[in-house]
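Here come two complexes built around chain A, the first alongside chain B, the second alongside chain C.
Here is the complex of A and B:
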């Protein structure tokens, strides 16, 4: 009797497996559709194209290997990239996002770069119950407990980005003699939110730091001469300028033209778009400027995907013409791709909530060339923080990064006050 | 049959029927919604430019103000969305009233001053000092009112009302008087037309239309930044679509939006790499060969285009 039962069970199991395998194979799609947008022209092209190029590099690399491993079907499946050009136009972006979901029926929904072009995708993703792989849309308003259909992949959410600056000012600053801080920011979501957060972090720290100047100016500002004199009149020990690349270029040029020397000067883009800033401001103008240290300068240890050196090699090979700049955004696109790849290797189905679960399961465990991937409960990125650094000149007069804060990643001491 | 009724039955009613049916057969509802928005805006430009000759480069100012009017009503007064859309229209009219002195200018001076006014409104709304009211540059998230279906219906109703007004302009002495003012203000005044009153009414109706469109747009998208709703693309597209079809007609802006925005999306979906080339050539061809818009193909042959 027992033998019969075991035989029957064994036969059943074998038949079950025999039946199950073909079912899995039959259900497996011929390709995984990844839908995204990019801006080849317009205001956001300079940030969008490197991000998109990073994502595309990964797609081609994986397809050359036969596809990505998809746990839901236990096999490698090629990725089909469905990408439209929104030309930095948000109304066009809305239509195209909708096209990706309703007409192309993509499996994976990936936003364009930056908060302005990501904003339409947040609503559409939620409406269609699609999980949004938000690449670099760091806007704090995207993330809420009642919206499970989003997670930020490659940049820290704007509200925590300036934490290293605030920590440096409040913890190391007083000992260095930094007591008076000036904050100048461009009034847009990206830099305005950072200014708000910086202010809050400084106040919450209860350190002997006083904000002596706090002013927002339109993002289109190109002449800072009068503003610089106002800042100088406030006698700050540290000046924090939060603006986009064109703002930083104009600001740093004006600092040189006016001949003002601030003991500490922070700008965002000398770290993120170093080549562009060096071209427009000159190496001398960037010397001793404090900035964020991009992942391309940190060589984070990775447990998944290429490290920064290998990625740079692959990038140079694919984009040999040098038309798309390798930097912070190029790393962001590839980081998104790695999160997607790892997600597919963990998710047990392509159901959107299962994808979300898989993405969140990576939090704190996935270490890529962009640092440690970590999400808060709303999907905001709280890992991948960019350390505070300072630009110095090497022996050949070229710019080099010195990481200053946090201390555990520091590669040198700050030069303060500026000589 | 009076021409007003004929135009309503032969142009407005079929268009409304089409936009009522299309969501049932085509899934990309946002595309349809954008068609409706651009039809409203193109007709709004038609009202002010086609009938009075004032080219509003900063037309998006009313649209953005309407969107933020909607947002403020929802965020601070917890107003129901339809009421907030009406308030958006009121905000558009109030801004129009504020900018009425611009009508003292004409031609390129008016166009540039209007553009500057739109930028001023953008910077006012995006000012961090107003964060507690407008959320400044940090963006608005209106999750509570999010309802794309109702917002779409609202947009179609606004389009119907706008078209109704344009049909009225085409078939009334008021519209004729406006066109007379556009052609020669002095002669029109000599003939007893109250030039200032005519211009102000057309200007405010145009602002109302854009404000309502902005309100319903905010209702549909629900998450946006000042840059989203004050994007100059809205002005440029609305003006180009209206000119492409032909202004001072009912059909011109409709034809312009359907063809040009249709091609815009077709290229965007199929060959985005040639986008600027195809679109640029198309618009250059229009300017060179059909400066009075597509409807001029018919009017040149003596056909009457409504």
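Here is the complex of A and C:
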């Protein structure tokens, strides 16, 4: 009797454990479908293709190793990358995002690069209750407490990007003689949010800083000569230009062409896509420009994935033709991939809310080549911060970064005013 | 405050005229809408990249090269596409679809060949040959911006404005001082009658198509200097801008495009000065205003009939 009871209990326990376990290894899918978009043409191609190339590099690397470890099935499973070209068009992107979810039934839903092409994915992900791996869509409005279906992977939310600029202007600026600031921004989610935050940070600091010029221009703007003339008329000590890479190229070229010299000039992309900007503006045109310092210059210690030096080597090997520049966005794509890999290694199922839980469990613990991955409660990235730096030329005339602010990461003093 | 945008508007407007004149010539002669116009402009920019980065020469030398090259391309392309198109029931409408497809193909091929990134040429390199020649003759040319009425403008703007004026002047000479131009105007005015009088309409149209593409390519040579950089996707925006300028001046009247370009340039610079956030709405607002108030364009019927 006792033996029967023990046997029955044992069998029951084994069956119970089997039923409690989410999925048996035998039920594991042949592949994990990762759905994303990229822009091979159009305005956002230059920021989208490097991100996509970084993601693709990881997929190929992992598949060559037999796939990624998926805890839910306790085995390595190959990744199938389902990627469509949205051609930088938000309407096309909307259709394709829907297709990824409803037709392709992807397991992992990853947005295209940049806030403009991420925006349609945010709504669609929420409607379909799919968790969105937001690569570089930093727009502040994407993140709210009532939307659990998003987290920002690879760069900080736009609202905190300009904090080092504002702190530098308000804390170090007055002593340097910076009193009048001009803000010019492209009217899109990424740079518009940064402009709003910068304005707020400066006002809240109560420092003797006056904003003497504050204008938005369409993101499609390719000519700034007249605008530069207006900015010059406002006599600013510092000019903060917030735009995408093509905006920065046109802006900095126009600054050179018209022969205007601003004592301090900040642009976003000389730091983020230095190769691209140097190719188009020239090293001299970037000299003394203030910018964000990218992770490639900070060489963050990693506890997962390749470090920046190894990643650069792998990148150069795979993309030897040089058609896609290595920069901030190339790092961003690979960072997204690392977060996904780590997520799959801790998530107990592929349920979307379980994926979210797994992503949030990495916050503060995951250290990649992009810095420390840290999320706030809304899914906004608050780690991976970008310090303020300045571009200088070394003895060979090549661009080098000098970190300026915060002081604890500074590698030099600012050159102000521009000689 | 007003002087700068007005002068900038005229300089940039002259370039805009060059941007649109080829499109208008093709429409005026053949009544087909070349939606790949901007893509030929983009290809012109790539000719300039080749001249500068591969041959190490002044990008200004790309102007004659691009023109000749794309006149030939235009004549060949005309032979391949347009006669079949003209035989269809509605060539004007079908041309939109055909050239939209061509635009997509060109963009895709250039993307495959050169990648998607922005490309440009250092501004100081434009006209470097002239600077070197002036130095050799003992002059001391100053680089950098050019002063006009006490305001400084990029040298590239002035050079492109001068080339645009020359190109528009040559189009005028072609249309009004050559036999082929007279035949071209005859075809523009009454295609059927021109055909009935024995004019080789196909030859005239092929020449006009080639010249139209050649002018687009010349505009493309200056695009990296005027717009900061060029990508393979540059063509679509350029076509829209060119189309607005053409409608503004007068659809079918190439010389009206010159005025359309200057008006567009001045409006654009004024909007950038006083309402910068709204600048990208300008083409569409101008298009609506012109179509409502003067559908034939600023230089409409009067010049066309003459």
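The rule we apply is simple: the second predicted complex is superposed on the first by the 394 of 419 C-alpha atoms of A that agree within 3 Å, B and C clash if a C-alpha of one lies under 4 Å from a C-alpha of the other, contacts with A are read in each partner's own complex, and residues count from 1 in each chain.
Just so we're on the same page, contacts are C-beta pairs under 8 Å (C-beta built on N, C-alpha and C of every residue); 3 or more make two chains touch, one makes a residue touch a chain.
Computed from a predicted model, the values in this text were never measured in an experiment.
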item	value
Clash-or-fit label for the pair chain B, chain C on chain A	clash
Which superposed partner A:192 touches (first chain B, second chain C, both, neither)	first
First, second, both or neither for A:147, with chain B first and chain C second	first
First, second, both or neither for A:40, with chain B first and chain C second	both
Touching partner for A:139 - first (chain B), second (chain C), both, neither	first
Contacts of A:49 with chain B and chain C, given as first, second, both or neither	second
Which superposed partner A:257 touches (first chain B, second chain C, both, neither)	second
Touching partner for A:223 - first (chain B), second (chain C), both, neither	second
Chain B versus chain C as contact partner of A:61, first or second or both or neither	neither
On chain A, the residue positions that both chain B and chain C contact, one per complex	40-41, 87, 187, 216, 218
Chain A-touching residues of chain B, taken from the complex the two chains share	27-31, 34, 37, 123, 126-129, 135-141, 143, 146, 148, 221-225, 227-228, 231, 233-234, 237, 264-265, 268-269, 272-273, 275-276
Chain A residues within the chain B interface of the complex	40-41, 84-87, 89-92, 94-99, 102-103, 115-116, 119-120, 122-124, 126-127, 139-142, 144, 146-147, 187-189, 192-193, 195-196, 216, 218
Residues of chain A that touch chain C when the two form their complex	39-43, 45-46, 49, 87-88, 187, 215-218, 220-223, 225-227, 229-230, 233, 245-246, 249-251, 253-254, 256-259, 276, 279-280, 282, 321, 323-325
Residues on chain C engaged by chain A in the complex (per definition of touch)	1, 4-5, 8, 12, 107-108, 111, 114-120, 122-123, 144-145, 151-157, 226-229, 231-233, 237, 269, 272-273, 276-280
